[in-house]
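As structure tokens, here come the structures.
Below, chain A partners chain B and then partners chain C, in two separate complexes.
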Partner chain A sequence: MKRAGTYSGILSGGISGRTGPHLLPLARIKKIMKKSSDDVKMISGEAPIVFSKACELLIEEITKRAWNITVQGKRRTICKEDVASAVITTDTFDFLVNLVLDSANSQDSPRP
Partner chain B sequence: MSEKEKENVVTEKVVSEADELPKTIVRRVVKDKLSQLSMDSEVSVLRDSLQGFCESARIFIHFLSATANDVCKESNRQIINAEDVFKALEEIEFAEFVPPLRTSLEEFRQKNAKRKSESLKAKETSKKGKKKEPSSTDGVGNKEEDEDEIEEE
Partner chain C sequence: MEEVPKTTCTSWTAQQAAGNFSNNSTGRERRHPGNTTTGLVTPVVIGSGTNDPNNPIPHQTFKREQDQYVPIANVIRIMKRILPAHAKISDDAKETIQECVSEYISFITSVANEKCHQEHRKTITPEDILYSMEKLGFENYIEPLTLFLNKYREQDMERNSVLAEPFTRRAVRFVQPQQPAPIAPAPTMPTVHHQNYIYPSAINNYFGQTMGGNGECSSSSGAGPTNAEFNPYAQFK
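Let's turn to the complex of A and B:
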């Protein structure tokens, strides 16, 4: 079994010259950060590391809430609707509501 | 028609995947969390829902970056640092993330400091090794002898 996650983590660490507890690739995080705004130009070396861990915590939080909904529905597979419900029912995830609504609309449109 | 639409969706996904976070890593984070939450029963995740996790993380980075950039500007600086990110997290109501992130950053700093000191030591030992080498090698020794001969003359 290939562990692509750890390998890509090592590769990304090699590119930036740093390896550490983070999992998500720092170069890609930097790329996404720079796309967020034209003003974002200079980023310290430590900022992507904080972002990487913050993303991890966010994903864990969404997972926990989506899992609660899955379990309440007496199911064992987290589906997209569970993730959407988790986002909608959590105030701090308001910035993700548009994403959830867009994905719901895109799902509805192909079905006549 | 539906097949073409599906192809278009796939191509769009391929273009945007380069800007997204890798699904394999996101999947591992989700799986690890689920194994913590459900010790008895196995809970799995549909592929489609993984896309939701990836997109959520990407939008979170956008949102947090823009907020951290504002914090940085207010302090009349141009480089976004870790403290700006921590303040931004508090502003967007993710203050609960700050303590574990500080711990994680501190661990990274300590590891980095260790690596730097180890690499400095390695450089010093290699320099010492090079200084000792000229007396032992024949090529360099021969040149020195030639110079001596020239000087004598």
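Let's turn to the complex of A and C:
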């Protein structure tokens, strides 16, 4: 952080967007980072900015893969199962497998 | 519904091996004090299942604590940007992706944090994050992220260099006022010690809207008269 106000300037989208509008709020990203483990001490000011772009890339990748599955099923609505399939079939998303299966198990109505 | 054990993301492999990793719970322990539950979200019974009209069995859904996720509107915006216009997204798909994003952030951060610990550093830097991504298989993100970060740093440096310039040089770039302005006393103007004294009316012109110390001074950052040409006393002869 170079000076006081730099970070909050980014948050409010101020400095007339010279840094570019961020699609995800940096404060929220920072909060999530801090929650990831108890011993996260300090986070550089640029770290949430990298994450805002990285999460954008992640969302795009999952969405594209899920949409491909939706299209294969001749549907137009991406459903949770499409997202789950996209995650399961991608190696780098292994860390998300439990998450998608967990939510699928806990929230789906039992099938007859 | 069975209660899932609450864990943090400190050790992915250990928890994964234990088979009971539940990543949504990282935020749930830190709820508002007014919440009387043990930390789980409040169960709310809704009507028939929203996604399965053939199976109208009422089931419970839970209010999700939103501040452990990125806002869903942002997620939807990013998704819609790359989907064709006729595509639709179900609500639970949106929520699932929202959860995936939080999990991703936690996952990468925990690995980056470990790296910082090993190297006896306290601050997680963008380089740590990029290193973690490469280690965890997200190499294809590295290049666009590096470009993005470099572009951000360039813009940031440009912005900082404009603001940090000594006031003398800033005065040089000042565009001459259009009309001879009356000389007015300037009791409220902040005193700035510099070589070329600019009269208050000129200052108003120069700064445009407001004279904030750290305010944007973008209006006159373009080329202006050089030091040789600038004569602050021209209008007052």
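Assume the second predicted complex is superposed on the first by the 87 of 112 C-alpha atoms of A that agree within 3 Å, B and C clash if a C-alpha of one lies under 4 Å from a C-alpha of the other, contacts with A are read in each partner's own complex, and residues count from 1 in each chain.
Criterion: contacts are C-beta pairs under 8 Å (C-beta built on N, C-alpha and C of every residue); 3 or more make two chains touch, one makes a residue touch a chain.
Computed from a prediction, not measured in an experiment: that's the story for all the values here.
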Partners on chain A (chain B, chain C) - clash or fit: clash
First (chain B), second (chain C), both or neither touched by A:Glu60: both
Which of chain B and chain C A:Asp38 touches, first, second, both or neither: second
Which of chain B and chain C A:Lys80 touches, first, second, both or neither: both
Shared chain A contacts, counted only where both chain B and chain C touch the same residue: 5, 18, 20, 23-25, 28-29, 31-33, 35-37, 39-44, 46-47, 49-51, 53-60, 62-64, 66-67, 70, 76-80, 82-84, 87, 91-93, 95-96, 99-100, 103, 106, 110
In the complex with chain A, residue positions of chain C that touch it: 1, 4, 8-10, 12, 16, 21-24, 26-27, 30, 49, 51-52, 55, 57, 59, 61, 67-71, 74-75, 77-79, 81-83, 86-90, 92-93, 95-97, 99-110, 113, 117, 122-126, 128-130, 133, 136-138, 141, 144-145, 148-149, 151-153, 155-156, 158-160, 214, 216, 218
In the complex with chain B, residue positions of chain A that touch it: 4-5, 8-9, 18, 20-25, 28-29, 31-33, 35-37, 39-44, 46-47, 49-51, 53-60, 62-64, 66-67, 70-71, 76-80, 82-84, 87, 91-93, 95-96, 99-100, 103, 106, 110
In the complex, chain A residues that touch chain C: 2-3, 5-6, 15-16, 18-20, 23-25, 28-29, 31-33, 35-44, 46-47, 49-51, 53-60, 62-64, 66-67, 70, 76-80, 82-84, 87, 91-93, 95-96, 98-100, 102-103, 106-107, 109-112
Interfacial residue positions of chain B with respect to chain A in the complex: 2, 5-6, 9, 19, 21-22, 24-30, 33-34, 37-38, 41-46, 48-49, 51-53, 55-66, 68-69, 73, 78-82, 84-86, 89, 92-94, 97, 100-101, 104-105, 107-109, 111-112
